[in-house]
Structure formats: structure tokens, C-alpha cells
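One chain, chain A, links the two complexes that follow: it is found with chain B in the first and with chain C in the second.
Moving on, here comes the complex of A and B:
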């Protein structure tokens, strides 16, 4: 079970616009074993999607540029692959589900053909065989195969997302990257879609990176969690570490802004302030300006990740003062 | 779909009626006397008067118009004043040449325009894009008659590799087709470019890339096909412009088509010939517009379902709401 599938080291991705350099992802390290689900959590603009696009090597260039680091998939560095080699990996070994199912499907192709396209790209099968497999994939995500020949505008949002999932899973990838797969869907459909994803993940024995800002989803789906803030990982560990032994002030803040359904009514305690402009990141700890526990030193030097217990890493210099959450 | 086409064909009737009214009225107000054109300068006033009476030009305009319409409904567009032959026959004899010229011209426009437009969009901001955009600006600003004169000067007169006049085979098509095609190519290029740039930013293009589709397939299958609607619109309009522009080009290259026929007819005040020629062009243009709308449906399933597809649609409606 503990066979390593993905290993990211020191990954930095910046966007270069006319007069600014936007530091979207800074020295990120992640690793993922086969069959595991990793949750990438962070606010809008924290760099979650950029990391995902980096793994797919689909960071729009220009303006985006992968500055350095390694992304190893089964020991091979994806950043050294030629584009033609990446084409064979995308969709076959690593697939991605995008945030907005409304716009993720090509409006003028039938949904069946869009699934079959992926199958035909990655296996040498005839048109008819690909269509048959595509129809099976459709059924796998709970859409009757009779609807193979229909177009995206004839489906509801939840169904479109299932089709997007079907495309991503059609070639049985080893790694599925789901970029906020349920953000655009309403709550009842969210649960359905997550169920389907979890089911298929176990059935196909995939690994998954789940990008979300919904800690509820993380609790339900993830083995490991990495909390991202301003392009850096501020806390990472197993789900138990993050949920039961929350250490970083930002993570604590995230939980504070989560309404609880079961418990007594209380005021939400949102994290004060705004995420820093990624083109002008503060020196030292990026979270310091918003941190309730900051000390003068926080704003001066870079803070390294510290291992507080085996596998649980936190980027904070004042851990001694920071009490966990109640 | 068939009902839609039928409806559109019926809608052509008022359009064509409008065309006849306008052209008829314009001919009435243009100075010049058909009788004098026919009989020449040395005809006596009595002869002229007799000729006018014979042609029915002394009747009130409304009577003339109604008579023309009644004849038209019987398929009779009158006889040419100059040749005395039935206009319909003469027009139809020349029409294929003009249609050929227009089709070859629009093909040049479409092929050049789409290729350049896609190239420029895909290389946005790079030197290729800038060169293509500038060439496009030049192409759209040059009037067709000038391009025609320039082309025949260079290729027919100096290089002597292509004929400058006549219409006897593909070799004769090249210069006229380029002449009518260049403006259209520039217009289609600009439309393709902006439409492609719009589509390339869409999420489904990224989905296609994430599937591992090769660049070529992403650009030509996913992006171009989705960019086609405005391109088809512009191409359809260009057909109309080029039908009209055929007059100029046919004069420059002395091509025996409808355009040069119309120019002659206008200068001879040959009313039936002018009416007939314009009417045929108007019908053609209306049909091209209908074709464009049908092509929309062919390219985009969302438009197809708007036109109403009969049984299939009902079935889908039920499915979606379930």
C-alpha cells in the first residue's frame, strides 16, 4: 500500500504579467502513495489549481512558468518530459476533473464521443470498440447508455460533472486530480458526485488529489491533507493530524470559519484580513500579517516546515504559543 | 428542420417583392430614355414616341410595375430591349459563369482566411501573428478593382504566366478569383482570429488538452469547429458582396458573366435586363443566407435543437427533466 506514486519537490510556479511576477506556487513539496487521497486545501488564489495544472504540465505559458523543482510520477520526472510524451501521460496515467462542469465539455460534440476520444487517444481500439467502452464508462457514472449521442446542453450540471468524471476515468488513470469537483454543484448533487468518485477510486485502485476549500469534503474523502497559503504549504499531515491536532494558526482559522451543524450556535471566527497579493508577498511568514499569534520575528525571516510529530509538518515558529483549537 | 426551411423559403417572397419595388423605382428615377438608346440619336420624335408606346413606357408606373409582376409570376421576365431575346434565357446563360467566379472566389477567401486566421490566433502576439494581421489590414483596405488591375499588370503583362481576359478554364480563373477573394480572405481571417482567440480560452479546450489530445486535434477539432459560427456568417455575407463585386471584376477581366451583362444593360437603359439580372442575384443571395442558417444548425447542436428536430427533441426533453 505504501508504494510511492507521486512525489513533488521544491515546485515553484510563477506567472509573469506585464510588470508583475505573481508567485503562485513557492517551493511546494508533496507526496502521494498508491491508493491514497490527498486533500489540497486553501483559499481562492492559494495556488491549488496551479499545482494541479503543473502536474498536468498544462500551466498556461505564457504567462505561467514552472521555475523549478521536480514532479515525479512513478520515479520519472514529468518536468523533463517532452510535450509528446506528456500527451501520452495526460488522460491515461494522470487525469484531471475541472471545477466548472458547465463549461468543461465541448458543446458541439456528443458526450459519448468526448469520452470515446480519450479512449481512442490512449489505446489502439477501433471506433466501435471505443464507443462501446465509452458507453460502459457512462453507465459506470450512472448515466444510461442511451444518452451517448446527446450533447452537453441536454444535461443538468450534476450530470455534466459525471460526464467529466467519466472522461477522466475512461482510461483508468493511476492518479486523478479533482479540482474543486463539487464547488459548482448544489449540495445534494455534491454528495452524489463525491460518492461516485470515492466508489470508482476504490474500484479502480486510483490515487487522488482532491482540491477543495471545503473541510467537510476533506474529512469525508482524504487520507492526507496539505493546507496551502499564498503558494506555500503551511501544514500537512494525515487527516487525523489536521483535524484532531490542528497546529498552524491559519488552519485553526479555517476551522473557526466553519459553521458547525451539530454543535451549539456560536459566532463564526473568520480569519481577519485578506490573502496577500501574490505579486508582493510579505517577507518572512506569509501569514504573519493576519496571524493572531505573530511576534516581531515572524515578519523577518523565512519559516521552515517543522515536523511536530511523525508525518505532521507545520510552518510556524511560534508553535509553543499557539494553542490548538478547542 | 424541414418546416423551418419551408418557412424561410416562404419568407423569401416578400424580400424579393421588395427588391423588385426598389429596383423598379430606381430605374424610373434614373435619367435616360430607353427608346433613344434603342433607336439611336437620329431618331425622330415620332419614332421615339411610337417606340415608347410599344414598350409600354407611357403607362403609369404602377401599371407598368403590376404588368411586370404578372409576367414575372408566369416566369416571363420580358425581352431585352437591345437584343430582343427573352431576359430569363440570357440571364441564365450568363449566370453559371458568375456563380463559378463567386464560388471559386469565396473558396479562396475561406481557405486563405481560415488558415491565416488560425495561424495568427495560435501564435498570438508572436511575429507571425503581427505579419498576418498587417497583411489582413492591407487586404481588407484594397478595393477589388485595384487588386484586379494590379494582378493583371504583374501576372499577365509582366510575367506573362496567366491570361488577363476570358473565361475558358481553370487557368483563366486564377486572377479573377484572387481579385474577388482577397477582401473576403482578409475579412474571414480577422473573424476567424478573434473567434479562435475567444474559444481557445474556454475550459473545454483545457479539458481536451487534459485528455492528452495532440495540439493539432485541439486546434482544428475542438477550437476551430467551435469558432466557425461567426466565420460562416461572414463567409455568407461575402458571397453576397462578391456577387455584386462580380460586375467590377467581370469588366476588368472581360468575363462574359452576369456582372458585365448588367453593366451593359444599365448603360443601355435596358430595363427588363437590369430587373432580371438583379432579381437572379437577389434570389441567389437569399438562398445563400438560408444555406448559412442551415449550416449553423449543422455545426452547432444547440442551434439545431432551436430549429426543432421533431420526435428526437420530445424524447430528450423528457429525459432531462427526469
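Moving on, here comes the complex of A and C:
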């Protein structure tokens, strides 16, 4: 049996500004086994990054506030940890890499020292040992150790992202959260970076949460997928469930927005309209105003997730009328 | 068939502190009226510079540009202003390309005000008409860019580009900054406009699935040079240049059953400043031989309408098939 690493239940995170309450994440539940990769998919403002920051306990407060729920890592609730305890967990057990490698690195420190710093924070080793380990980590991500003493601006975008990965993995975390790690990169460089991430994930037997809007990247990397819309999970399941048995109208719309590389010249069939303002979410199903299958009831009461087959959850009350993708 | 836009040996160099940057280095191609030519390549390959040089937003360093058969390589200010009525551009970033202090109606009207041919009432009528064409609600007439989302801003950018009824539009990554569902809405709009107005597009993008969808022909650039140019389907079905092959194999496809053989390229783009002689892709090429580093490949038409710049294209193809 696979072992459970992360279990999130009923997580809600809102941002409070002067006169608005932005409901970024609403009652989200997720779970992840050891060695698994979960894809968190959604458009701008869906709450993907806020969930990740929640797991890291890095939601800026104020304005952000975790209203409730549980985030269990190996059975321990991270939301009950003291800040000092969280500092030991961050980087050692859970690491995060961000979209933009240009802003994630310190411009006035050498890349080697930045990796060594992380190692020294989490393990009692001498400077020399940390430097040696840092050099090994650099090589692990395919950067020659001779470049240890160079500064971030001397590296290209793809290499910077590999350095960020090296820092995140330097203490061999159990869980890596990657927030759009390749969105800023060109496709051949993206292929290099994804390749390295997959390789290291297997080598270190890590679990990974991959935040992305690119269903192509999800297809290549993920075992499980959760589709987010307006702070809620609207569909979740294994990659097979999501790609082969797409059920939620929003997920169907996402796929319909993608031009096919295989070259069919049909018109794209995107979702009409725009994502709702998270400070003024519609009542009932959040997707109802844009949904081609909506009925009057959709806009009235909240819709619960339903299990349509073992492990495949969908938040829609009219599933019987929704045809899947062709 | 005659090309509406044609360039011959087009060059654009920039002088930098370290040397001469060859952003566009000897491109030759034509675009038929009503078609879309997709230009693909990675950051820094010169694709945006190409679009801007054709439109005279940048002065060319060498070569020739023809528009409807007329040589427009050198034009004076007056001629350029007339040319702008026929050639327009849509920019990538709808956040940066709109003046935050101008309302939507002012933004869309500006090209017509500068042109000076229409009266106030006519301009107003045309603004409404353009807003309808691109799907902007009339109530947004007096809104400002910061009040709108990315998709609507890009619709403003498109309406402004269409204000003078151009024949040729350079689209510089028009959907790259948008979310997928909004991206699809804008792509559909651009296809509708092309059909209804008979527009010709030069569509610059790094997104290969978008480019296949929207283009009839595709031109692949690498470090300022053209490496392959042919029909869109042909390029995806039978790419000949090793760079094109690697590029296509790197596209992540939203299909969990198709496992493909990724070609992972070594290294990264070299510098376009003072490029060395020889093939510019050779340092990363899986098939590079001694000859590739000595002499740059000429563009060759290996089959009708399929141009490639590689000494060994046919050999590599045979090797792979056998």
C-alpha cells in the first residue's frame, strides 16, 4: 500500500482588504501519497498559489488569513505548528520553487553560497562540508561545479531555474511544491527542466505538487490532477480520469480552448465569459454563470463534490446532461 | 499568385558595446494575400525584430521590403504615414501597449485622428463599429485600461490596429499573456476578422500549437536566421531541420497516451553578437559534423515549397527512416 504524505481538509483562505473579502480558497480537500505528483490546474486567480502558500504557511498576514481546515503532513497538522517549528519544516520537509527564477535568487550572493546557506540552516555541518554538498547539488541539476562562485546574472533563465531547484532540493525534502516552474521558459528549455525535475523526483523518492495552467505539462508529469475554479476544486482524480473521462463543464471548456498540435482545424470551443471576481462570487455553483448546461437550481444552492467513480470527484449537479469531450 | 508582402535578404543589426548583434540576418520570404505566416522561435531569435523591421518601426540594415509589389525599403515620412494605413501591429502585452491615461474610445480613435481624413462624427461612428467588430460592449466606451481584464484590453489593441482598415497586420505574440480560455476567445476573433476583412497576418509566437492552428505557412527562426519554411501541416508532419525536430518534440501535449520521443537539446541559445561562421545551430545539434562548423548552410528548396537550411537534411531523414 502506498503511504499518505499530505492530507488537506476543508482549507479556506481569504484575503481581507479595506472593504472587501477576497475568497481565494474555499473548502479545499486534497491528498497526496509518497512518490506521487499532483497537478493543480486553474487559470489566473483560481487560488492555486494561495493553496501552495497555505501549505508552506507563507500566506501574507495581513491581508491573508487561513480561516480553517487542516493541513496534515505525515499526520501532523501544520496549521497548529509554531513559527519556529515551521521554519524547520520549510526547506527540509517541504520546499517550494517559484515561477520567476529571476526574482527568486539573491543577486548579490554567489549561487553556490545560496545553496550552502540552505544546507547550513537545516543540518549541523561545517562551512566546508556545506560547500561540498552544495557543489554536488549543482552537479545534480546539470551545472558544472566550477560555476559555484558565479552570480545569478551570469546564468541564463533555464539555468537560474535549475539553481532554484537545486536550492529547493538541497535538503532532500519529502514534498516539493513547484509553482509554474517552467512558464517563463522557452519550450526546449522547459523540456530540459521538466526532465531534470522528473529524474530527481524519482531519485529522491519525493512527492510533488505541480501548479500549472498547462494541461500538456500535466499530461507529462502528473499522476493525479485537481482542477480549480474560483477557489474551489471542481474536478479531481487520476490523470486517466481527467484526460480520458472529463466530466465537469469547466474542465471540458479548458480542453476545448487548446489548439491541437495534431492539427485539426476545427474552431476552438472555449468557455464563454470571464472568471468571477473572487470578492463577489456568485451564489450556488461558481461556474454556473458561464456554464452551457446550467439550470435555475445551479445558481441557488451550493454544489457538493460527487464521486462518479472510485477516486474521481466532480462538483456538478447536472452531470447526467453533460456530454464529455469528443 | 503574388505576395502582398515580400522581403529579400532582410537584415537588422544593432550596435552594442560588445559588438554587432545580428537580430535578423538575411531573411527572404513572401506572404500571400489573405494567408497567415506563422513565425516561431525561442526568446532572442529575432522574431519580434523581424515584424518591427517590416513595418518600419525599426530601420533595416540591409535587404529589401516590398508591399504589394512596391519597394518600400526606403520611404520618407509622408510615404510612411500612408503605409501605416495598410500595415498595422498588435502587441503582446495588452497591459503595456495601451496608454493608461486614454479612454477606450480615445485609444481606438487615435489612429484616425492622426490620419486626419475623417470628421469627428465619422470617427465616433467608426469607433462604435470597431467595438462591435471585436466584441467590446459599447458601455465600456469611456472606461480606462486599468478597469479591464487582459482579454478585453487585447480586444482594444486589435480594434486600434484595425481602425484604418489595414491589409496586413503583424501580430506579435497577441495571446501569450492571456489565460487559455481567453486566449481561445481571442484566437477565434482573429480568425473571424481574417475571414471577414481579408486580412493578411504575420503571426509571431513561441507557442507551437497556436501557430499550427492559425497559420497556413510557418517560418522557423534560430538566432536571426531562417532554418525552415514550409506549409504548416508539412512542418509538423515532416520537419527536416534538426532544430525544428527538437522544437516540435518538446511541446507538451495534453494527451496522456501519446508517449513521444523527446529530443532534449543540450545547451542554450548562443549569443547573436558577432556570430561565428558556420551553422549557428551546430553547437547544439545532435547531427553536427566538422563541415557544419566551417560553413553556414544555404537555404535550399528540398521539395516544392519546403525550404531548409541544413547541409545534411536529406541524409538525416534517410537515417531516421532506415
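Everything below uses one rule, namely that the second predicted complex is superposed on the first by the 324 of 326 C-alpha atoms of A that agree within 3 Å, B and C clash if a C-alpha of one lies under 4 Å from a C-alpha of the other, contacts with A are read in each partner's own complex, and residues count from 1 in each chain.
The working rule: a residue touches a chain if its C-beta (ideal position, glycine included) is under 8 Å from a C-beta of that chain, and two chains touch if they have at least 3 such contacts.
Keep in mind that what you see is a predicted model, and the values were worked out from it rather than measured.
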{"item": "Three-chain arrangement built on chain A, chain B and chain C clash or fit", "value": "fit"}
{"item": "Which of chain B and chain C A:122 touches, first, second, both or neither", "value": "first"}
{"item": "Touched partner set for A:216, first chain B, second chain C, both or neither", "value": "second"}
{"item": "Touching partner for A:147 - first (chain B), second (chain C), both, neither", "value": "first"}
{"item": "Chain B versus chain C as contact partner of A:257, first or second or both or neither", "value": "second"}
{"item": "Superposed model, chain A: greater residue contact from chain B or chain C", "value": "C"}
{"item": "First, second, both or neither for A:49, with chain B first and chain C second", "value": "neither"}
{"item": "Which superposed partner A:156 touches (first chain B, second chain C, both, neither)", "value": "both"}
{"item": "Which superposed partner A:137 touches (first chain B, second chain C, both, neither)", "value": "neither"}
{"item": "Chain C, chain A and chain B - angle at the middle CA centre, rounded to the nearest 10 degrees", "value": "80"}
{"item": "Touched partner set for A:26, first chain B, second chain C, both or neither", "value": "neither"}
{"item": "Chain B and chain C, minimum CA distance [Å, superposed model]", "value": "5"}
{"item": "Footprint overlap on chain A, where chain B in one structure and chain C in the other make contact", "value": "156"}
{"item": "Chain C residues touching chain A - in the complex, by the definition given at the top", "value": "42-43, 149, 151, 179-185, 187-188, 191, 206, 208-210, 212-214, 232-233, 236, 246-247, 249-256, 262, 264-265, 268-269"}
{"item": "Residues of chain A touching chain B in the complex", "value": "56, 58, 83-84, 86-92, 95-96, 98, 100, 103-108, 117-118, 121-122, 147, 150-151, 153-156, 164, 167-168"}
{"item": "Residues of chain B touching chain A in the complex", "value": "202-204, 206-215, 222, 225-226, 299-302, 305, 316, 319-320"}
{"item": "Interface residues, chain A side, partner chain C - complex", "value": "43-44, 156-159, 186-192, 194-195, 213-220, 239-240, 243-244, 253-261, 263, 265, 267-272, 274-275"}
